[in-house]
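One chain, chain A, links the two complexes that follow: it is found with chain B in the first and with chain C in the second.
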Partner chain A sequence: MRRRLGVLFGVLFVLLLFGLSGCGFKDIDKRFFVVAIGIDQGKEKQYKVSLKLAIPTHRIEPGHAAFQIISQEADTISQALELLNSNVDKELDLGHSKIFIIGRNLANDEILTTTDWIFRGSDVQRIEYMALANPSAEEILEASPRSERVPADSLILSFGHEKIGSSLAVTEYLYDFYNRMFELGKDPFLPVVSKKGKSFEVNQVALFNKKELKMVIQPGQTELFSQLVRKPSNFVVSVKKDHLRYSLLIQSFTYRYQIQTPRQQPPILQMDIKVRGRIQEANQALFDKNWGEIERIAEKNIENRYKNLLESMQKHQIDPIGFGLHYMARNHYGKKEWELWQEIYSKMKFNITVDLEIESTGIIK
Partner chain B sequence: MMNRYYFYPFILCMLVNTIFYVPVILVEYRFQGAWLAILFAIVFGSTLAYLFTRTMRQFPGQGLPEIFEQRLPVMLSSVISFSLGLLWIVAGGVVLIAFSYIAKMFLNPSIPIEQLLFCLIIVSCYAATRSTAAINYLSEIILIFILPIVVFILFKALQSETFEWNAIMVTTEYIFEIPSWNTLATAMFCFTGYMTLIVLNRFFTWRISLTHFWLVPVTGAITLVSTFLIPIGIHGTQAVENYLYLWVNTVDSLRMEFGFIERVVFYYLMVYVAVSLLFISMSWHIGTELVSSIFRGQSKRYRWIIVGVVGIATWWYGRLTNEKQLIMVAEQWFMIRFMMELLLVLLMVLIGRRKQ
Partner chain C sequence: MIQLEEIDRQLRELSETQDFEIQHLTNGDLSIGLYFYSSLINSKLIQERISEPFSSCHSYSEMKNILDAELFCEQVLDEKEMIPKLLEGYSLITFNDTFFSFYAPKVINDKVDYAKNEASVQGPPFALTEDSYANLNLIRRRYASSNLMVKEKEVGKKPKAKLYVMYDKHVVKETVLQELLQKIDDIQDEFIQASGQLENLLSQKKFNFVPLMLVTERPDRIVFSLSQGKIVILVNGSPFALIAPAVFYDFMSAMDDRYQTYWIGIGLVILRYISLFLTICLPAIYIAVISHNPEIFQVQFALSIAGSRAPVPYSSFVEVLFMLFLIEVLIEASIRLPKYIGSTATTVGGLILGQAAQEAGLVSSVMIIITSTVAIANFVVPINEMSFAIRLVKYPLIVFATLFGILGLISGAFCFLVYLVNLRSYGEPFFRLQFGEHASTNSKKRISG
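What follows is the complex of A and B.
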């Protein structure tokens, strides 16, 4: 009896092996790997979906990234994808897509409806990067810098921290954008990818309130913004006063803030920033001068720039850094907290102090 | 040293809670008493576990049916065994169906759910009919392999760049809200590992030592708090309630730049294949042992029949149900388990008193 049962099980197991037909019944050579997804406003229909497909090649060389771009207009994104799937000879696989780009025209009050498809789908990674395309997602997908080794590589690497971090490319992930779309007291933002010649550049950030695009931060403020919302990275500060001109590379950046609400007075956001940097260029020898004075010039500069940035965000009533969440985390007034905060934020004064420390003047005095 | 087997079912129940919709339910009530429910659950859960274990260790090597045999009328003991058995069988079934949904969603969207259920059920049915000792050894082997990965995932989540402590602080405002019974029952699931003693006590032929019992409240607290708070830290206080597969999505929001696999979610799914199968096997083993104990003397013969019926029923239900219904079933299950557990512990404490 036991032996017969054993044999039966053996046969069953061998039969089960026939069920193993490879990658989910579709082999890897029957799949097209989508590396980037772009959505634009369509001309005739509502949306235009563009996909960047990687074409597998046996050699990986700079400038030889083989890719194909397919696009389709439809009234819904899933419809467009279905139509696209019939255009190519292989199954579209979204699991390896690393970046999701939205056309600038779609950054309107419908953005949550537009992106619903990507948040709902289980085949897309939550850690996918998200960006806003200027002027259109399709053009950004088509761009392929000459140094590119793997399709869409340069676009993806622009946002990762694995390469030497650029403080101008502020990373935003799919899940974090979704979080910010709902969170009270923390507003969404997206990096802006703009077309530049055959390539593209990433140096602006678009700030949203929960509904629409409110302002775009330009280079000069982007790097300051990036220090506040993401892991700090190196950035350059150039200052000028009277005859003195020099540039600093900021290598360490820490900040803390507290929100004070004194009675009868406007609320204050007291922010203390601590930075350390190295002088990169100067129009005169600085080593023998009083470093304290030199530091003060840069401190003033950084203070003013941060004040401008925060005040312009306040003017638009947007809060991507999460001051509101910070306030609500520390004050417990129940449900009316949120209204209270909005009132406080509109009246808030920013008091910023920067403590800068110059580490060295480089290898010359 | 053999005492360590006492803790494996606890750890297993704590691990399986992310599949069993515990975090989804807790997060839904994050402003309505989830915090206090967690606190109560830690106190009540470990108290019940302590009382129950202290009673069960007076009957070394005896499962619930053997203890009841001379002390309760046949009818009553049959009813209790049958309902407890059914409770555990349903638990295994819910986890099995829930996991097959996750597997279909994230591992292989093109597989028909029938096939997936079939494969899982075959493996679980086979494992459930093994001996109690084999199940215990199996859980030790599996837990040793996966616990480091679980700890790594927790560490990785706290390290996340976008982890927002402020969001967690916002929920602390609602720390003194009175929880509903439902939330409390859900939170207490993490401590339900001691219930496995109703059958697994047959394995413990010695007096279980309670010197290291403090491990139970400590690990339970860590598990419950991280199950509840890490998703809030990553998805924020508002968006977190929109996710159906909360923990799969939370883990999918972690990135490992320098790992062999960039998406941490695949480590998680790998771990949870093992955890779910182990939990299903253990709960079905307990279920079949209890139900078959009704057929005195011939229980061995009926074991396969019961497992077969359970497998077919789960397969049918898995085909017919949907996620919305399954969450509701899970919620009801927590409530029923909560009440049955209270009654059982009470009964056992009384029986233990009388024996002394």
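What follows is the complex of A and C.
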């Protein structure tokens, strides 16, 4: 009997404990979800940190994304966050932050100092997207397209891989950016988000060496870059020669490359690109023509464009595709290999062959 | 030899109850005495087999021949076995200072009815009855093998309960059988009325969380288990049989799985395991994610949950415990309620209460979905025993999740898993999922010959 009473009291005691949840226990509705973080150069202090907070709503409708933007200037990012936390009535939760946007002004110098906080931060998920904002991160955060259901949804979705056919939008994850920042022979890049009316567009890519912004790839070349980095399928290549104009929808795209260092000759990067697709648009009937010829035209076109892109990156001595890593993984010369590679890369010739196969012209006759 | 005075005294004692009948028949030449419980005896049988032949008898030897020739009639040689026999449905016949017992029972609880607890779509629809003889009949008719052994046992204090232990002597594991029989002999105290009660008495540990023997009412499951080398115990008066040793998969499988095609059977089993996971973990996951790790959701969903939880002032675990308490009460009430009121309880509880609780701002709308998922998924487990046990498992996990979030949930689930893995059902490892289940007893031997 006494034992049973003991058990009963034990149970009651445990039940009482439930009443003492304390302040560490924060339910989902007692938190403010930060969906996007933006960092700009401050006017008075070093940084201006802007946070896009999602306001939870019971009903989710297009065009009714409720959000709030708070910003604070401070000399360090963590200090700014501390100050921001005291401005709002709920706990700031960075766990759902999906995108980290760096203002264009900050990118010109010392990208590593700016990103140091997010590299160390334990409460931000490593799968956060990163981007460069043009002109400022705060303006990008403020943009809210009319179709938006959830705050920053369109921003997140235009980076996510769920969006089909986004051959223009190159995306970059935090973990990958981190990796590229510290890996010799593979340089970091960030997509550039520019403001356009109430919305924004993502069609440029900023390339860095490990320290600063080196070049920005413009829309004509972004898709080529995206193909080399992400190997997507389903993108369009337009070809024009004399009177013939047509567009190809590429359905399979693979490439492999080899770095050859013959003696007494400049090093060669031999790249074989294999493309398969079907014709999506043309200004004349193509079915009865010699497909081989049509393919030749496109192959030449693609070759030249890749060559241009690769050579301009070579000119800036940046290597986002990771040729250097590839080379150093296969040729080991101890500590000297990095210098060796830099020398090779500056002298390198690009030899690109494209093997294009048209699978169908889309219509039978 | 038999002591007449002792018998006289016992019979006098028995006649104190109203339904004990004493009849003296005479046909002019002879007279016999008949003693029986009128409530246990089929009087028509006595009339046909005893009193009619008796009326045309003229000598004692003639009467003795008639009784000797009768099928269920034998001479009583020990006065001690008299009363148990009377209580089993024998009638006692005395003449010329010799005693005969004649088996003429009246059995009315042997009607075969549809299976109510373990319904099946394609399997045989009928369940066991309350009468052990009828059950033995049902089983032996299906399991037409001379290897099927039946052992009768009596256990408990007075009144004793009768058990029938059945097994296939070629495939049963001898050690398991001996252990089980020993355990049955060790039972002393209680009066056994139900199979589950017997299971509790037979179980090795005092505080068991999950059942280690399977309780079933389906003859086809019993026969299948017998063919696997398992031991079946029938309790007289209970329409449920006890099967040992049992593995976890037995509780998760319906007999229908075997009657369906292979992939459908597998699919159904997977469906049940998913439901099992949901019913155990969902409330704990809700608490852990809502209060500790909201970053697990998609952001869109997190915001919608936060929105629906906004009017709820209490912490998530209060909400969960409140709602689960309601649903448990509802389940318990609908089991005990008479059938006519049962549907009212479900309507009131399920529809009105859930809706109203949400509107009153006591619980969030997601919690309503979770509660109903937990309740429905719980009943997917085909064996009621396990279904009941599973109902309890989620509460410790809720405590873990409340205190330590997802990590707590994982460690709690791990503890439960460790507990299950440690269990043995009569020497056999208990926690077997589908794979390797057929090797649980030595049924491999059976296949190879």
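Quick notes on this one:
The rule is short, and it goes like this: the second predicted complex is superposed on the first by the 338 of 365 C-alpha atoms of A that agree within 3 Å, B and C clash if a C-alpha of one lies under 4 Å from a C-alpha of the other, contacts with A are read in each partner's own complex, and residues count from 1 in each chain.
Following the convention adopted for this analysis, a contact is a pair of C-beta atoms (placed from the backbone, for glycine too) under 8 Å apart; a residue touches a chain by one contact, two chains touch by 3 or more.
None of the values given here were measured: they were computed from a predicted structure.
Of the two partner chains, chain B and chain C are each touched by A:26. Shared-chain residue A:35: touches chain C; no touch with chain B.
Once the two complexes are laid over each other on the shared chain, residue contacts for A:126 go to chain B alone; chain C is not touched.
The larger set of touched chain A residues comes from B, when the choice is between chain B and chain C. In the superposition on chain A, A:157 makes contact with neither chain B nor chain C. By the touch criterion stated above, A:244 is placed in contact with neither chain B nor chain C. Contacts of A:57 after superposition: chain C is touched, whereas chain B is not reached.
When both complexes are overlaid on chain A, the residue A:334 reaches chain B alone and has no touch with chain C. In the superposed model, A:83 lies in contact with neither chain B nor chain C. Under the contact criterion defined above, the residues of chain A that touch both chain B in one complex and chain C in the other are 25-26, 125.
Chain A makes touch with chain B in their complex at residues 16, 19, 24-26, 122-123, 125-127, 160-162, 173, 175-176, 178-184, 186, 230-231, 322, 325-326, 328-330, 332, 334, 337.
Partner chain A is touched in their complex by these residues of chain C: 289-291, 293-295, 299-300, 302-310, 312, 315-318, 321, 399, 402. Residue ranges of chain A in contact with chain C, taken from their complex: 14, 18, 21, 25-29, 31, 33, 35, 54, 56-60, 93, 95-96, 98, 125, 149-151, 153, 156. On the chain B side of its complex with chain A, the touching residues are 105-106, 108-111, 115, 119, 161-162, 164-170, 172-173, 234-240, 242, 249, 252-255, 257-258, 262-263, 265.
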